[in-house]
Amino acid sequence: MSDKNDNKENNINIKPKERETAGEKQPITTALTTDPARLAAMKAAKKRFHRRRRLKDWGMFTGYLTPSLVGVMIFFFLPLLMILKQSFQKSSNNPQFVGLQHYEKVLSNDAFIQAAKNTLTFSGIAVPLAVILALLLAILLNSGIPAQSVFRSILLNPMMVPVASVVLIWQVFFSYNGVANGWGFNHLFEPDKIDWLKSDYAQIVILVLFLWKNLGYNMVLFLAALNNIDAEILESAMMDGAGALKRFFSIKMYFLSPTIFFVAIMSLINSFKIFREVYLLTGDHPYPTLYMLQHFMNNAFKNLEYNKLSAGAIIMCVVMIAIVGILFFAEMKFDADVEG
Amino acid sequence: MKKVQRFIAAGLAVAMMMPVFTSCRRRGGGAKIESNDPWYNVSSVIVGDEIDSTKFEYASLIYAGLYEDKYVFRLTGQNTLPSGFDYSNDDISPYTVNEVRIYDESGECTQTIDVQAAMSPLTRDGGSCYVRDVIINDDNSYVEVQFTDYENNINQRYRAVLDLSEGTMGPLTEYIQTEDYATRLTASGGSDEGEITFGGYRIRKFWFGGKDTASYVLEVIDPQEMVTEFDLRSLFPQASITDISHIIDIGNNRGVICASCYDGYQFFIIDFTTMTIEQDMGDMTWLSGSASMFAKVQGLGTIVRSNDGLYSVNYENRSLDPLFIYANANVNIFEISRLTPMTVTPDKAVFSGSVYNPMPSADAVTVNTVIYTFTRAESNPNVGKTIISVASVEDYSYALCSAICEFNESSSDYFAELSQKYIAPPADYSDDGDGSQDSTATADSQAADLGNQLAIDIMSGTGPDIIINGSQFGMLNDDDYLMDLSEFVSQTCGADAYFTNVFESSKDEEQLFHVPVSFHVRGIITDSMYVDDGQVGFTYDQYADFVSGPCNGNNPINQGRMYFFINSLNCMPDLIYDGNHVTFDSEAFRSLAEFTEANINEVLTVDDGEMPYSDEQPVASVVDIENIASYFNMVKFGSKVFLGIPTYDARGPILIGSDSVAISAQTRCLDACKDFVSILLGDSIQRLYGLQSGVPVNRAAFGSCGSDYISYQNESRDRILAMGYFSESDLMNMFGINPEPMDPSVISDFETFIGGLDGWYYNDGAVNSIIREELPAYFEGQKTLDQVIPILEARVQTLLNERG
Amino acid sequence: MDTNTSQSRREAASQARRKVNIKFVHEPSFFEKMDEAEKEEFFKQERVRSMRVRRSRAILRRITLGVGIAIACAVSILAIVPVFYTFLNSFMSSAEISHNYGVIFQSLSGHVQQGASYLAETPRMTVVPQRVTIEQYKNLLLMSPTYLLKFWNSIILVVPIVVGQMAVSCLAAYSFARYRRKRREVLFFSYIILMLMPFQVTLVPNYMISEQLGILNTRWAIILPGIFSTFAIFLLTKYMRQIPNAYIEAAKLDGAREWQIFTRIAVPMCSSAIFALSILLFIDYWNMVEQPLVLLTDAEKQPMSVFLSQINEAEIGIAFAASALYMIPPLLIFLWGEEYLVEGISRSGVK
């Protein structure tokens, strides 16, 4: 009798079931008990379980991350730390701490300011252009043009051309006696012949180079993303009477936005890589409109001014963190909506 | 460029890994002399001064070998021929001198063996003979004479045994070369490349030519006259051997053959017991760098004669073991490194060679040979002294080494050492097999690398205390790296004792990092009748008139437009640069550019070295005056005047730095370094600089070497005139000597002249390369000057901004 | 009468709204009012009208299509001109190349010698070479083994980097995708920043570390930093995060362990991304120049990309052939990989 009474009192009806899942004992507790002690015990068990699980998760996933982490630590983080340390030292042979002296010198260096301005301007123009033009091209190719794959292959070609050929051809086109002047492109801007790479239009030339190289890849990414949009949604929108433009902006853009951010970051990366071509075209000290941050750093490197280099590198790092941070957070916001 | 990056990174690697230490490493500044560092006392004797050199037309005393403790030399020369000697008919042999002379350690000539006496009978009926070699061995010394009679087609070698203890020579007997295999090889197209002796073995070398088919054949003759032939081409097809210079003894009857090939040095091990040769494929860079410095020393075999001492080859450890380091004695390293080692033991080293005279003596003939004997001291008198390292970029001079000796003698707490680290090894010409220009290119790049290494070491704190000739590294002109010596110089070098205008001109914005030790003066020499009175330089218009007029269109500055442009621009930096700002849009620049474009022609590229040669003296020429003699000969000749090269405002001749000295900012021995600089600027060393590398900045030295030059010049002049063939007018045409006798007034004249100069030649490589890229467009007529100047300004301004 | 009809209509409408059942008066439409003949007429007119509309719409579409194709063609031509010219010029004899392009090499920045003539003449861009020869290729391939050696150097540098980076990145991306915690996000963010760093920033420290590890003059000095580059991780993470959780939960329910989830689900789902990435990486590293120059001191170990970036006048004869040959591996890989690429892209959705 007392047992029954006990049971009734505690109101335990169901024993916690145990199930084997992924080799693990996972008690499934249903909230059919109200005894506070029991509840507390179950909660504690749950917490323990979750903690163990969290630890196990952490261990396992960190295990997956380890090879990459080790390598990145050695080859990327450690150098950055070294550079950070170096930028606060008096000079390469004098480890005396001088605070922000080098940063002041670098930030007030006219050449650095010029370089920063150029780099930001170039990236600021090139990246949006790359994204928008690629998007347009993707839409163009997607709208029923025949031999789409052929066009795609052709447009991806520029990525594969080695730098040397590119430089050569660009020289042929855009030097003072080059083909561009020969065919009269200069008349769009000025009556005389223009020395493109040494004039204020130099950035346009480099922009063309950048776009030529990167449009193909961006376009392919957009094509892939466009193809991934469910055709049904588009059809239903069409039936609801949405015009082409409205269809585009409301639906396609919505689904494309993660890709857009992705392409933007890729283009940003590539806009820094254009330095190699610029360097091969114009050398150490180009015309000021082409003078980029990497020129500044490269020359500091060659002149053994290592502290200037470190300070400049850290500044560049900070700015990039800011820019990418903005993009990143914006993307995270959009991403949450779109991800299915 | 990329090599620079590597060196930079390497040096900075050291910098970052060593946080606190600055310059105390190895024998760098801060280290002290240990008691177990060896030290040698040096004594020298002169041999050959018993010979009356006035009797000779030419003579040389060459070291032949060491016999017991006596020095054996051979004397070759020719007595002065009597006037009226008929070269075609008269016999010259009575006037030829060939002797073997034996000297003892004190320089006394103990025995003389007249070889010529034995040779004269051979030539009685025609033909000629000469002493081919004098071989000195402990047990077998002989003289080898070669007799040649072209008409009768006789070619015969003779030998005579020398008895060095008695001081006599046996009769000359015919030496039959019985090796017909040798003739077989030469008959089949090979050339006899000589013979190397290795212990009891003789190795004869033959070379069959052709680049891809070059074949080197060795014939090893063992003491029993057994011959083994090695065709190296078939044994080692990949190595195209061009020459085998030495075989180094590595024990066990084996030797290392050092072969120079088309692509560098290769090494082969020859085992005389088994008579095999195999190639050493290991890393031989430890040895190949010294391959051009091998020398054979009696009793030691082949050793390495490096810039800083003698090393023996330790093959097992693959290293060079020091035998004798020049810095361990108070002797002029420059001089010693040019002497031949005679014998080296742990306690004694003996060198011999011609006496080094910074001022070539007017005496045409000198047979003076100096013998330096180094005996090991029991204790090092310099124990406890702090070492100061002195580094010279690319090369070191006699004057510098003398300064080091003087410093070491006078300083009680410090010891100066010449650092060999930044001195390029002797140019290796072995790898330009296809005749390309690579040898100079590699030498240039080697020099550039070493210079960069110096800069890096200085910046990382492991560099030397004193830097000589480092002014080319503009990046080092900073308080962090070098000491600003302007105050020191102004305190210790007064205007009455020094050419302070030279110091002032070389300052870089009131800071003086590289103190000029000697300098040149550059300008144009022409006759006063072509220029106006009191004219100091040329404006561009004046120069245009000058070239078209008196020069008849032959521009003295004829190395092309870019050369002219840059030279002229470098003479007027103050018109272009204003602090950190550059202005090309100025009258000066424009007029220079326009003038260059209009009036200077591109240099004719000549193909095969046949420069158009004209016999007449040019009307005007660009010269670098390096000493008072050239000043006298060029500027003071007749009515010549010395003007500056064309600049915008007709400046006078310009000062160009030659040698300089700087002190590292990291040094711990600042006062001692300053003492060293004072020695370099002192009278005695400055005189040496003045005799060799430029005009000294020290007025007293200026005067004393001026006197030296005066006596040398006057003696040369007298000697030439005494020969009887030349008249006074020939002096200038053929020898470049001013026919007027030089007198001491020239010294004060030159002194005043220098005192009036104040321009310093400013050469900036980076700016020059930008100019070289942009200006040719204007010169070719492609662009106008208005198009080029903004580009130039923008680019150079960026460069200057970057420098900060 | 009219007002009556409209009023009645209005009433009917409001009543209909109130869902009141009223007899709905069926008004005949204009169509039903017509008789047969009028219907015929109407239909004929309709047919004509609709055909006109259709035709005009078709024409419009054809025009847009045409314009689109024209633009695409124009862009493609622009894109392909350099490639075309490289291949074209590789079939010219070296004399012709010097004749046409020699002036460029004399005035390339950094290669200027004293008195170099500024690009004084327009280089000649001919579409057809005067004489088609394979002299360049012959020189390149047969004359001396150095170029092939450089080619091989390039391959031996790039392939390990691509393979290694993909392996490491897959693992790391999986970790980032499955285990999303705040701290991990920060790490991910820093990975992105690292990706953006230009090489000058990390070059000297890399050199020093390589020296410490003793790998300085070996290929590992370039391969190891390449393997751990974070570029692929960024891309793969994005892809992996798009794998719906449903898959993973389902797999877990079926008793799969993490490793199996990784190999059986995550990697195959990202295979298109992996292929695309491999291609990208290959092309990127195929063209790398600065790292080998600084980290590999031996001239023999330098890859072809370095050689191509330093072409001077002496080697102009084989420059184009070398470039053409150098383009071929990426081209081949791209062409071969494109199938998989397309397949991966078109395979979409959660099925």
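As written, the chain order gives the labels A, B and C, with residue 1 at the start of each chain.
Note that a residue touches a chain if its C-beta (ideal position, glycine included) is under 8 Å from a C-beta of that chain, and two chains touch if they have at least 3 such contacts.
In this text the structure is predicted, and so the values were computed from the model without any measurement.
Novice: Report back the single chain whose CA centre is most distant from the CA centre of chain A.
Specialist: Relative to chain A, the chain with the farthest C-alpha centre is B.
Novice: Does A-C or A-B have more contacting C-beta pairs?
Specialist: Pair with more contacting C-beta pairs, A-C versus A-B: A-C.
Novice: So how far apart, in whole Å, are chain A and chain B when each is placed at the average of its C-alpha atoms?
Specialist: For chain A versus chain B, the centre distance works out to 59 Å.
Novice: Approximately how many whole Å separate the CA-defined centres of chain A and chain C?
Specialist: 15
Novice: Using the touch definition from the top, which residues of chain C touch two or more other chains?
Specialist: Answer for chain C, listing residues that touch two or more other chains: 107, 109, 118-120, 203-204, 208.
Novice: Provide the list of chain B residues touching at least two other chains, using ranges where the numbers run on.
Specialist: In chain B, residues 5, 8, 12, 16, 773, 777, 782 touch at least two other chains, as defined above.
Novice: Scan chain A for residues touching two or more other chains and write them down.
Specialist: Those would be 82, 176-177, 283-284, 301, 306.
Novice: In the complex formed with chain B, which residues of chain A make contact?
Specialist: These residues of chain A touch chain B: 82, 86, 90-95, 105, 109-112, 114, 176-177, 195, 198-199, 283-288, 291, 296, 299-306, 308.
Novice: Enumerate the contact residues on chain C facing chain A in the complex.
Specialist: 64-65, 68-69, 71-72, 75-76, 78-83, 85-86, 101, 104, 107-110, 118-123, 125, 168-169, 171-172, 174-176, 178-179, 189, 191-198, 200-206, 208-209, 224-225, 227-228, 230-231, 233-234, 238, 241-242, 244, 252-253, 255-258, 262, 280, 283, 286-287, 289-290, 305, 308-309, 311, 319-320, 323, 326-327, 330-331, 334-335, 338, 342, 345-346, 348-350
Novice: Can you list the chain B residues touching chain A in their complex?
Specialist: Against chain A, chain B makes touches at 1, 4-5, 8, 12, 15-16, 19-20, 22, 455-456, 459-461, 475, 480, 666, 766, 770, 773-774, 777, 782-783, 787, 791, 794-799, 801-804.
Novice: How about chain A: which of its residues touch chain C in the complex?
Specialist: Residues 21-23, 57-58, 60-62, 64-65, 67-72, 74-80, 82-83, 137, 140-141, 143-146, 149, 151, 153-169, 171-172, 175-179, 182, 212, 215-217, 223-224, 227-228, 230, 258, 262, 265, 268-269, 272, 275-276, 280-284, 293-294, 297-298, 301, 306, 309, 313, 316-317, 320-321, 324-325, 328, 339-340.
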